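Take a look at the structure below.
Labels run A, B and C following the written order; every chain starts at residue 1.
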Amino acid sequence: MKKYLSLALAAAMAFSLAACGATGTSAPAGNAADSTPAASTPADAAPAEGGEAGAATGTLNVGGIGPLTGGVAVYGLATMQGAEIAVEEINALGGLQFELDFKDDTGVAETAVNAYNTLKDSADVIYGTTTTDPCINVAAETFNDRFFQLTPSASSTAVTEGRDNVFQMCFTDPNQGASAADYVKDNNLGESIGIIYNNADAYSTGLRDAFVARAAEIGLNVVEEQAFPDDNTPDFSAQLNALAAANVDLLFMPIYYTPAYNIVNQAQAQGFAPKYFGCDGMDGILDIEGMNPDLVEGLMLMTPFNASATDAATTSFVEKYQAAYDGLPNQFAADGYDAMWALYYAANAAGIDADNMSHEDICEALIATFTSGDFSVDGLTGSGMTWSAKGEISKDPVAVRIENGVYVTM
Amino acid sequence: MQFLSNLIGGVSLGSVYALIALGYTMVYGIARMLNFAHGDVIMVGAYVVFFAFCSGGMNPLLAILIAMAVCTLLGVTIERIAYRPLREAPSLAVLITAIGVSYLLQNGALLLWSANPRAFTSVVSIPPISLFGGRLTIPGNTLVNVVVCLVIMVGLWLFVNRTTPGHAMQAVSEDRGAAQLMGINVNATISLTFAIGSALAAVAGALLCSSYPMLQPTTGAMPGIKAFTAAVFGGIGSIPGALLGGILLGVIENLSKAYISTQISDAIVFLVLIVILLIKPTGLLGKKRVVKV
Amino acid sequence: MLQRIKTMRSSTRSNLVTYGIVLGFYAAVQLLNAAGLLSSAFIGQLVPICAYVMLAISLNLTVGFLGELSLGHAGFMSIGAFSGVSFWMATQGRIPAWLGVLCALVIGAVCAGIFGLLIGVPVLRLEGDYLAIVTLAFGQIIVNVINALYIGIDARGLHISLKDAASLNLAEDGKVIINGAMGITNIPKASTFTLGIVLVVLTLAVVLNLIHSRAGRAITAIRDNEIAAQSIGINLTKYKLMAFIISAVFAGVAGVLYALNFTSLVSRRFDYNTSITILMFVVLGGMGSIRGSIIAAAALTVLPELMRSFGMESYRMLIYAIVLIAMMLFNSAPAAIEWRKKTAQKLQGVWAAHKKPAGTGSGKGAA
């Protein structure tokens, strides 16, 4: 009951903020209209339409897909919940309405295709999927059926490769792995670098491959690599022993925060204390209920999103998220939130008439807008985000360091 | 030195497998069924300890006692509703039902406690032991795991071999029909087995998450399979076998990670298992059943 | 014709019914599809259903007829899928598609069969749960090794590595076929429902013929009493291996069919959970009942998808678990079987009692 009440309050707040935003589109940046992304962005997002928000009409049916059950449910739920917050805000604006129908794929390709087939009779655009392998399969379907697809978090290049209709809200793996290597080199973070990665996970191996390739190019000294076969593997003592024996002083961890927490915990028990460097999958490590902040003190990561940032857009999102779902949002949720707003701005810029246009027409119109070159979105995970014709996003990774239990931008 | 350190890591991991395997073997030995939901009962036990101790601030021993009570209740209820009606059915039917129960517990936990991982605070507050001037560290958890394992093993062995309910269990295990004729209440005996097995699961859950702190609804699944392997490895149904199998499995796993490959460590562990079973087809300490025509 | 059906052996009649169910299903789907009455979701599941039916039938041979518990059936599926699809990818554009599919299916079958032999020879000496754990171990080994496997092809031939794609040292024109955890991507789909049904019928033909042959009777004799079977001169190893290898071969074929229905193929798809799911079909359908396997595989594949339509996305898997337990209890519990018999008798009684007065009643009305 409390949840619904707070949800209603959040909605009301969103409405009041957004209403002020909608009327303030022509106002200069930096005034009250800046308090949510809804307020500031229509002006930037739809320059082609002369900054007029609300050019799109009708109800856009967004078919969402991601794991709500099974071993990777935590990521799917986050992408769904982040999107739900945005949908609530968008619908409160009046104008174009979003209807998000989110289906469970349990993280399995076959189930994701089933979910897509269930959605395709009613959806106008596809949002998802959360994880890479299901996303590749759904992307092949949407490409044939001509649905516009935006994934919040499937970061492999195999997702968008050769498909003009698929766009990513997250960094690609090669892009992120290479910039991580560059960052380590430029800031002289480590002399002998170790890597630990999940060799059964496409995301983790993708980042590792890109990091290693770039490290060789720019002369980073990678002394030891260790792998593990499953995020549910609890024990890392052998890997940590090997890394310690190689005198690793910086450990690159292109993995999710759940195994990462087990690793830092065990490293401490074994008396091994390198500097840690993670990627966007590491975001969320501070939000684990009951976690010990001392273990991750000094840990560095590249993340597009910082839940403890104090800008108005982030605080508003975090408040609403906490009220609705208990717990802090991570970058999956933030990418989901931004994905919905990106869709909204693009739909407005393209003047989508959601009730009367076919999904094929919506797809072509949105592709044209996303790749037009002057379409950019300001969101929680970056400002001035643009997309290439390949569907890959361009946004600046931000490196942060954990100090006293919060992110500090480096 | 590094070898010793890897060995200790293996014993630490193995002692957790052994704790879980003891529960498996107990239920298998008496009720003759593979209780695939055992790993998930462990997960429930860990959640109970988490809420009572880690976020509730209760005394850790009291928290574990509460978890044991909850798991016992859960285990006996599962047995009553899902397994007992199938007592006379083919054993595979019970196996599939157990898998259904496992799905039920995992998805129930997902809805009840959400998919967000939780970080478990160790229930063990013994400081690590430092040897050879700090070059070798034995974590406190490892010591506690091994001691608890041994205590439980000896306790179970004494219970099964020296007490009346224990003898009843052996009789049920040997020949259910004959046991009934001798006036043993088979249903009550099997319920008791599940009660003990599930109470052990709560202890295993607390110690599993004390060593490896990430707690999620799927936490029990992977160690559950490994422990099942360990139980078979040691000779399923044999109580000392479960301990031996668990520790050996952990050591083999850690050493193959350290000296062969981390990428295919699981493959190596299972390969060793296959080879050992081919040499000793009933596990390390398992009894050969003589089949009469 | 009718006379012939009446006089034929009961097993032959039962087989005809099984074929009839499969072909009837095919015809019904084609008709309903032509009339536009099928949902996209259901159409999308047709090929996986065929694959699962094949897997269930083939596993039933090991579990139901040979009486050995196997927890690694997905391992054979995985070997079939990866070998067949690797060939399919390597020969893209070089040979006609129909030939490519055919070769992929044959290669998948042969590779899975070879592994069936390799595993079967040592393992079938084990008994009961020990055999189960070894098959489980085999499945996990396959998952783990393929996860770490990199295979590429270029003008110089095949390159294999267990480290990463970069260590393949491919020439400029080379392409990576199996890319570790990413598996095989961008697979041109080739599976169709018709192909699936053809393969299901083929599986049925082989398995049903085997069961009703001399070899099949030997296999069931081993299940019922190994020592007795041995004492009358049945070669245990030969017949055990025969059942195990045929089972593996069709799992491999099903793997190829399944994999060619998707754009990507990853090793983790064929883990222990998939083996368990296939076992679930067999047990729920009734061990030793081919028809039961078919129906259970189809029904349990469609069930979780059907539950989506009731608008309970997050409760879906919970309810699936409850339904599974309830079905097992209803199907296998002695008490439930007793109750079902009694109820059936009672219903028959009611029906018979109802029929008489109703008959006379209508007679009166007519008069």
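Everything below uses one rule, namely that contacts are C-beta pairs under 8 Å (C-beta built on N, C-alpha and C of every residue); 3 or more make two chains touch, one makes a residue touch a chain.
Model, not experiment: these values are computed from the prediction.
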Leftover contact groups, counting everything except chain B | one piece
Would you identify the chain whose Cα-based centre sits farthest away from the centre of chain B?
-> A
Where the CA atoms of chain B average out and where those of chain C average out, how many Å apart are those spots?
-> 32
Chain centres from averaged Cα atoms put chain A and chain B apart, in whole Å, by 38
State, to the nearest whole Å, the distance from the C-alpha centre of chain A to the C-alpha centre of chain C.
-> 38
Set of chain C residues in contact with two or more other chains | 144, 147-148, 314, 317
Residue ranges of chain A touching at least 2 other chains are 69-70, 199, 229
Interface hub residues of chain B, defined as touching at least two other chains = 107, 263-266
Show which residues of chain C lie in contact with chain B when the two form their complex.
-> 63, 69, 122-123, 125-127, 129-130, 132-134, 136-138, 140-141, 143-145, 147-148, 162-163, 225-228, 231, 272, 276, 279-280, 283-284, 287, 314-315, 317-318, 320-322, 324-325, 328-329, 331-336
So, in the complex, the side of chain A touching chain B is made of residues 69-71, 73-74, 77, 199, 226-230, 232-235, 237-239, 241-242, 245, 257-259, 261-262, 265-266, 269-271, 287-292, 326-327
Listed in rising order, chain B residues that touch chain C in their complex are 28, 34, 82, 85-86, 88-90, 92-93, 95-97, 99-101, 103-104, 107-108, 111, 225, 228-229, 232-233, 236, 261, 263-267, 270-271, 273-274, 277-278, 281-283, 291, 293
Would you pull the chain B residues touching chain A in the complex into a rising list?
-> 2, 5-6, 8-10, 12-13, 16, 50, 54-55, 107, 110, 114-121, 128, 134, 137, 139, 141, 208, 211-214, 216-219, 221-223, 250, 253-255, 257-258, 262-266
Within the complex, chain C is touched by chain A residues 68-70, 102-104, 106, 108-111, 113-118, 120-121, 132-133, 136-137, 139-140, 156, 158, 161-162, 198-202, 204-206, 208-209, 212-213, 229
